[in-house]
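What follows is a group of structures, each given as structure tokens.
Both complexes below contain chain A, partnered by chain B and then by chain C.
For the complex of A and B:
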């Protein structure tokens, strides 16, 4: 029998840090548990009980509590984020809360990864590839949406006036990181 | 850049969207009893108008939902968007609402 040893490698391994003193910092976030949840409003409210955070009904909103976050991406789609290593326990808790309701809960912990962009020039740096109006009046704290950075799909969530959380597929990391690195020279 | 009003997310840049052909084309309820001509028309024949066209779009890099859109194929102006599943709008009313 072959002796397989599986080790988890960060998508950010070997990448240069992006930091412009006093202006902007891009930093990978720790591993996390992530789920894609699909269901109607009734299923979402049941899922909230199992997950421990209210799944927002309003579109493009993020709700956070005690390290867990629920982001409404579309009329029947939510992204759930929790600390690393909670896949089994959360799956069980959510399944119990939902009973036999029609829904879909998919573990995407290893497909997605994330980094934060923070600092006075966070908006400017993201605007290098993001087409949305990122001014605080148009994209307030607590707003989150799927959008694009250059050609890559990202989920952008503003966690503070000068901090953004960016979720993306791990295979897009070298592409997005490279563009951010270039853009950081000019902010 | 063209801004497209997604019925769920509001105005968004066009690069977040994908076009998905003419809207309100119902699949024949009983495909095995349709004639070749009827089936070909369902599959391939489209109205291709010069002027108002009702079409499907998908906000793929946003809420990812399909929705329907009334667009003028001459000016590329989008007059109305509405969620998938809603009935086909009266084009005269759409024109009036858009002030044309």
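For the complex of A and C:
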């Protein structure tokens, strides 16, 4: 029964850290609560109250506050990220805030996982597989988008001038990590 | 040979860094800064290769990437790389080079017999000579031709190097770093734009590196280049400068492919560095500054070693400090060769004669040559050469006379003029236009955001190149949004402009049918071949090109196209533009497959997706199979078991006790919203409105044509929430299909789709003991048969983590599928496994799953179906909601062809011999030995040995199969037909009693 010791295993288990001194570091982020929220602007505005962060109306935007982030991925789609262990409480809070408005809130805390790429060469390293223009003038802090890294779908979010947050499905981690490891040798 | 051909001071090589290298096993010396070609010339070696078809001795003709003759192999073993251009190969200590296309040696080559037999090898000889007998083409001629053709050989070993790629963006990409390119880069960089400057050579500067006399802003040209590059380097954060980088392709929307040769020039490269780096650049604006190619003159025997382009010789002398010969004859139709003659004379080469094809040559350069005491003859053609492994004399004739004068020499310099390098412009889909005055094709209307500058757009003077470059750089930056640039220019002194040019074959007094005047050196195409092609009916240059192969070598006719075109135009009596120009294709120069594949090799070729319990299965010795990108446990052999034994044991264990199976890869889609049930009604054949919360249903999905495209069990989690499962391989396709219909056909429905495939790890526990195994671990769910019947779903906890617990079965036994958050998958699996062992249950893989479901007659989409199978064909009419007004595929189901009685239907097959296992995919016929051409009645879709049946069995689709129960049919095989009896497709527990325990 619940006295069983159940271990959580990260999708990053067994991977070597990627760190090039003074240049770039790739590191898994802590476990987090994640939802895919789908709804119209009115529902999003109601959801903001339950979630505690304003769901941005502008596309490709991330809003963060107190460890919570809402990323707009489409006209009716947001990725919500909160600290680990808040699935049930947030589900309840958002449901309450929404009342009977149409929405879709789906727990994807384990489907997605994430790592950060940081350092002077973060842009260069990501450019090994990401086709977008990552220059700060084209991809400023607070911008986020769904895109690809090589053959894997990712969500890319710039959290600081030299730091990117990369979300992806857990089974694509070894592939993306392997490519980053290879590319890190020559950034 | 000693280094006496090397000047003591001139050139850019570093004489303090001597290097040793070998060519065909012989050791030579050179300096850092040399190319293989310059170093060999410094050692007196002109003979660097044998020609493609006739095996004629050939020397280096150019000093750049357009080299057609001096193609060599570099390196040994796995790093042996064929067909590299000697003027592009940078020398390093220990370099091992070999000549190609010769046997037994470069100076004595048996293949040269082809030169004597050349009347057999005229244009189009493949099509004429190897016609008969028909069968000989495949068996005899093609293998021989393939062996004879091609130059170097590739290594058979795996490539030990690695390659990388990068996707940079910039405001302005400048291709080429000669005077125009460098000016463009400077002008653009000064505006604050992000600039990439690339050049195929090891050093920036292009033609300026061979320029001895010009001063730019009062500085020697080389100094101006160095200062300019230094200025660009100051802005390293936004200006990227890439030497040794070939822009090889101009694609749509200003996407340009560059290949950087990172380590080829290093004796001991850092193993961490890639050999090549592919830069896939997206540029807002592009400046093409790729210069021009000097044209050879087409005269008889114009291919002997020691005959080279005039400006190439000038480059060897000025840039590398090499004297390419002692006594030279210059054959020209352009003033620029006079500059070469003057520079070579200054380097100590005796210029015996300048034979100018033009009637007059009174420009400043010809006058300067005359003033320097060089014999200049105008109206004089070069009409031949003598010599074998090195030219020994030039033959010249006054135009309109038959007399020929032989002038002894060891070097012939030729210059037919300059051809703008419009390759990249043309690749960008820009339209070329023909400049009648100068007889060149130049860039016309642009299609993409690019502009050309300098010689590649036909500019003829150095000053014009600078002006073009600065203007192009400013314009490109401004159009990219950087308008702060100011007009720049340079003060140029010491250069004399050159003009002229000639296209086509040089007139000569010889029998045109008996001489070889080469147009395309690399593919051994002569003027005679091109005329023959026009006589044989080729009208367009595209036809002439394919018939003669002119311009089809890896150099893409950089030197030959214009001469070939002029010869064809003259023969056809048409103008050059009327004959047309061939298409310029990527890549501009050959690039390695490694660069194109870059990281996509080995483990990283494609994503390998592993389930959360993969490590456990691996530790248990599971054998895996690939399903889409996923690795799935196929079977779990115990010591000494083969696959057959393992699967029989697993099957028996599941039926007798229980088995645990990883079903995590099944696609999962959460369908949520007030209209979720209505959406499901439209996308699946089944009715969903009345499905209660907490219950499941088998769902069948059709495409618009009425054919089965996917299936899976769907659970209703809440009134507005369905947990849909799909096949493993179908998951992305089904989600796309759903999204497509939702967005285009049913946008009024309030419903959203979210993939949850990877949110859950799924542990299937199947078998009579399944309930007992999970019972101790479950909290908050009554899993008794009464409280949780077959095809139901409950939310609760297992081992303390939340679960969506499904009661369902793909084996025909009592079964549960435990969905838990993926990161807990392995821990929950291990807990279940611990319980399972108490009942001697097993872990089983996909093969056992396949057998068990087949025993129950459950289909697998993609195995029993092939995109042409309807629900009725499969006996699945019960899954169609007859009362529903519509669903995708509904209307198609009543098409006459889909209701025909003789459609192929799902049946079971039992072999007469119970131990015989049919081959999947085998055809089924009415008689054992049908005559050839008989159509099959159907085919075997699944076939296994069954533990529980104690015999083999199969599923098949057979025409009018359901009307054939009990009939004997045949499966013809190479070793004789196999008799089979048609049966019901359900072999085990027909009434389904075992599901409901």
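Everything below uses one rule, namely that the second predicted complex is superposed on the first by the 181 of 187 C-alpha atoms of A that agree within 3 Å, B and C clash if a C-alpha of one lies under 4 Å from a C-alpha of the other, contacts with A are read in each partner's own complex, and residues count from 1 in each chain.
Heads up, the rule we're going with is that a residue touches a chain if its C-beta (ideal position, glycine included) is under 8 Å from a C-beta of that chain, and two chains touch if they have at least 3 such contacts.
Note that the coordinates shown come from a computational prediction; the quantities given were computed from them, not determined experimentally.
Of the two partner chains placed around the shared chain by superposition, neither chain B nor chain C is touched by A:45.
More residues of chain A are touched by C (comparison of chain B with chain C). When the shared chain is aligned, chain C comes close enough to touch A:106, but chain B does not.
Judged by the touch definition given at the top, the superposed model places A:131 against both chain B and chain C.
Contacts of A:59 after superposition on the shared chain: chain B is touched, whereas chain C is not. Judged by the touch definition given at the top, the superposed model places A:186 against chain C, while chain B stays out of reach. In the superposition on chain A, A:145 contacts chain B only, with no contact to chain C.
Of the two partner chains placed by the overlay, neither chain B nor chain C lies in contact with A:29. Residues 77, 131-132 of chain A lie in contact with chain B in one complex and with chain C in the other. On the side of chain A, the complex with chain C involves touching residues 1-2, 4, 6-11, 14, 31, 36, 38-39, 76-77, 102-112, 124, 127-135, 138, 150-152, 169-172, 174-175, 178-179, 182-183, 185-186. Put simply, chain C touches chain A in their complex at residues 162, 164-169, 194, 272-274, 277, 280, 282, 599-600, 603-604, 606-612, 615, 630, 670, 672-674, 750-752, 754-760, 776-777, 779, 797, 799-801, 821-828, 831. Taken in their complex, chain B has these residues touching chain A: 1, 8-9, 12-13, 15-16, 61-65. Considering their complex, residues 59-60, 73-75, 77, 131-132, 145-148, 153 of chain A touch chain B.
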